[in-house]
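Would you mind keeping the following structure in view while I ask a few things?
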């Protein structure tokens, strides 16, 4: 059952599978042959560019070639999923892969993509991947709060939970790293936990964080629910005993685990 | 006598000579050069030993320029080289002593006895030396206590203020910074290199017995016999061993790794270039940087051997 | 002359004869054809202790009994050369079917040569029929639920290893000697009681003139005690420093606080830890920092030391070697209700989060993957792990396995607290820490001297550690882009299953920590005017 | 000299050497301690060894089962090791002598280039990892064969041998060669009849050294060989080093058994290399 995001049939699953298993040169050769057989196969072109970013040994030539391939995808058709994907990865190349990286330009490209194609998966990803750069770095606290507020608004409009959730986790991380008020971090974590954090390590962390934040902001019922959730789901976590103790000490404790 | 120079024309006639050296070159080129070249190749990469490599031109070499630990490790290694050169003397003396013996039978028996220790695997030798240095059960401390040398050392310590030897406290040879280099030097007492002794004996072999009789006739003392007959003859062998020794000590790190661990022991006093290369490669996982360190060390040794060939010319 | 001539001919002919004999032996061995219809599975590991070999031999015997057409061969590779041996066997295509994983290996290499086991670990283990684990997915039959490494590889979001044991560290002690020294006095439960016991040992040694020391230490096992003291006595400091509200202070955040000056070596909990470390160090044999693992073992087994710290992997060897009765107990830590320590310590360190080890991976190039997997299921079934634990005396990795009597003291301590700060950060930090530990533990060393040297030398090493980890994160991030592209396209293709969507979600969440951490380190370094470039 | 005076002179001669003998014996005694330890420990199990590590145990309490264990562990590997070691020593010596002859006798064009070709290799630090070499062997499908060990052993030992042999061949008087050339001897015959006898002592020494370093080597065999029947002694011995509480008695016994073949070969070969050929050349 496809997520129906990229609204186009994917024909080269085995090519993508070798890239997923980090066998970049195998992936690259696969897509190169696929493209050779059918010059108009945009998926093969896109696959070639994605693989080239990590074919070893990494050389500047590879990166430039990947950029050229992505640009050619955009020229032919900027609107379809491969056009948008190419714009997203061009910005990523500028952000992380090119030497020297040009972060400001890359971030403006990502935000432009997010504005122009808010519904497409690439637009939503652009927002997610631009968020940390808007929040971190030495800027005034007031400017940081502004960015947080703006991202919070746009985040709420994201349709895909796999992308919305990490965005709110990023906002919460920023609050912790820059000591912003606990209520704000708590709201972001609650928004992230609307549909269950996927990675168990991250989920265990989130439950404990929510419990502590709720306790600090006085919402003891919320604190108890999340500490109890952690206590029941993660017996094998090094904080299990400590959370049990906290649950005991929480005022107004009816019958509780330990 | 130096090899006979051969003009190009004559060389064409004698082409078969190249066939003689060809097999050796083929073997060495394929099975020794090929891995060595991969080290040169990787010194220009940020590489963790796996498939992921990033070509970074000379960043590794720029980093080496201000790598304090690397340059200070040359200080330690030059002390060790100086000590190793002095440690050649016992092997030369032993070879001369054996050579001067009248009876051929004993010369032969001693030759065999010199080689026997080489049969014993390295693990056994290390086991013995670990006992030697052990602060509490060790042999060295026991001898020092028994012979009263310990009290002498303690006295000298208070005199010169080393702050290392203290009454009633066993000397921790390998974990006190000031004692690490001396321990590395003491290691291997009485410093007989079976390889050296054999090579010197082979060199001395060429002196006929009549040469000694002539020297004895005009009343040469044993030192003069050594100075005028034996020493000049084994000069080339000594030069070979000297070159091998310098290269070995500069590259070597096995002893330091086993006795002191990969961080060079207390105060990092045992850190030698080879051990720093091992540490960067296998502990910090920076194989590219370790290869670059290897290249710098290689050029340093090449420079040393070049000088050695140029200025330590031995006229036969 | 002819006597020499005879000796020569004997010598020459002897060499020639041995050579011919050897050549003939090798030629004729070539002719023994392998038995065609029997399936041969090979599995390799680096646990050379006799107990482990014996345990696997017994499991092989039982397995071959049930599957006569299969022959299993155990390959033992010494730890010293294991990494080299492993790489070359994998690259050369001559690797055995099952290989012990757990030593550092890049994700790329793991993905290329080992088989992902996501589907297999989610199915029940047939060999668990008739036990309470019957029907449970294979991964849930393990004590750690295969959650940690090396079983689960977070970079590849898949399972690559199946573990056979757990590992914890305790203090072994010589029971007979203990009775002679301390009679029926209870075992020390707190750090102060341990020091009292050590003083008793010294008094006893004085009295009887025996050469005796309380704890046999070496550069291998002394850190087990010293580091635990440091991590315990910095527990409260870590909680105060942690700004992420999750009761944990990761090592890089702890050391960023050090660079920013939020804690240093004059901090009270650090100086208390250093004093305790020095005090314990004085009860070990002098110069122990330069001694190796088997020196300390030699001391203890020779009856010259009352106690020595070591892991549960040594139970078999210890009981086999010690000519006296031995037992073990947890390394006593300062007690939380002792006024001297209550401001610094939370309580015993929790081992609930430990992950199982001695894990075996299935190699892709294996000719008999099904049989190899089946053997792996057999040895990690409840009954198989019980046999393994009984013979090897190792802590089991499977739920419900009865602990042999000697292994009980090594059972995981679940009622405990998270650890504090680790005393160094990165490869250079470890080197500086090891190089100057002698200024703390030597006869004329002191916590003050160690603190001054650390304050002077540690910042440079920590900065180098951040540079190395920053370069690592950039490599990780660059790889993540291609991974992200592939995951989105895979979750899009017709043949995609729930698994691809789960992997996409997990990757996006994992990337959050990487990206925010990297940018936070960059901004902190910027504010401190430090550079992350070489 | 008449028989009587002859013995007096002989006796006097022997006394003159006494101090030399004393010094040599003192030094050799210290060098032989490891050998002594290996033999005496191989007769003890761990407990007796711990009680008295230094002094040997009487024959009655000698732990013969250690020797049995040692032989059972490494017995099967002796054949492989003999085959590999003898082939390496033999072939590498031939190649080295020929190459050294080339460098010592003539300064042909390219002489300097080739000499530095060898010299540079000796200076290359050992960080060149094992993986490229292994890939090379795989491409030549030599993996898991004894030939791979032989080939690497030959290549590995060349530089040191050529470096040492060259100086010795340069010391051989040129007129011997010229005389042979006049009689029309080819280069190979010159090597056979002049170089071998004249440089016999050093050739013997280098052969012994090559034999020794190959006999106990464990790293290459462990990585290249996979089938148990192909293992060499070094690989067998390394398994004893694994345990953390070491059975020193068994380890020493296994090492003792591994050294016995070396010991026997020495008794004869030493004679072969040292006395036989050398005596001929100098007098002749």
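The letters A, B, C and D name the chains in turn, as written, and every chain counts its residues from 1.
Keep this in mind: contacts are C-beta pairs under 8 Å (C-beta built on N, C-alpha and C of every residue); 3 or more make two chains touch, one makes a residue touch a chain.
These numbers were taken from a predicted model, which means no experiment stands behind them.
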item	value
Partner chains that subunit C and subunit D have in common	B
Chain pair with the higher count of C-beta pairs in contact (B-D, B-C)	B-D
Distance from the mean Cα position of subunit C to that of subunit B, given in whole angstrom	36
Whole-Å separation of chain centres (CA-atom averages), subunit B against subunit D	19
Whole-Å separation of chain centres (CA-atom averages), subunit A against subunit B	56
Averaged-CA centre spacing for the pair subunit D and subunit A, given as whole angstrom	63
Sequence positions of subunit D contacting 2 or more other chains	130, 241, 271, 275
Overlap residues in subunit C, where contacts from two or more other chains coincide	108, 112, 479
In subunit A, residues with contacts to at least two other chains	58
Touch relationships between chains, expressed as pairs	A-B, A-C, B-C, B-D, C-D
List of subunit D residues in touch with subunit C within their complex	46-47, 50, 78-80, 82-83, 86-87, 130-131, 134-135, 137-138, 143-144, 146, 218-219, 222-224, 226, 229, 238-239, 241-246, 261, 264-265, 268-269, 271-272, 275-276, 279
Complex contacts: residues of subunit D adjacent to subunit B	13-14, 16-17, 20-21, 23-24, 27-28, 30-35, 37-38, 53, 95-96, 98-99, 101-109, 111, 114, 117-130, 132-133, 136, 151-152, 154-156, 158-160, 162-164, 167-168, 170-171, 174, 186-188, 201-202, 204-205, 208-209, 212, 216, 237, 241, 248, 251-252, 255, 258-259, 262-263, 266-267, 270-271, 274-275, 278, 282
Residue numbers on subunit B that touch subunit D, as the complex places them	1-6, 8, 11, 14, 16-18, 20-21, 23-25, 27-28, 30-36, 38-39, 49, 90, 94, 97-98, 100-103, 106, 108, 110-125, 127-128, 131, 189-190, 192, 194-195, 198-199, 201-203, 205-206, 208, 236-237, 240, 244, 247, 251, 274, 277-278, 281, 287, 290-291, 293-294, 297-298, 301-302, 305
Residues of subunit C touching subunit B in the complex	104-106, 108-109, 112, 211, 219, 285-292, 295, 427-428, 430-431, 434-438, 442-444, 468, 471, 475, 479, 534
Interface residues, subunit C side, partner subunit D - complex	4-5, 7-8, 10-12, 14-15, 18-19, 21-23, 25-26, 29, 46, 48-50, 76-81, 84-85, 87-89, 91-94, 293-294, 297-298, 301-302, 314, 317-318, 320-321, 323
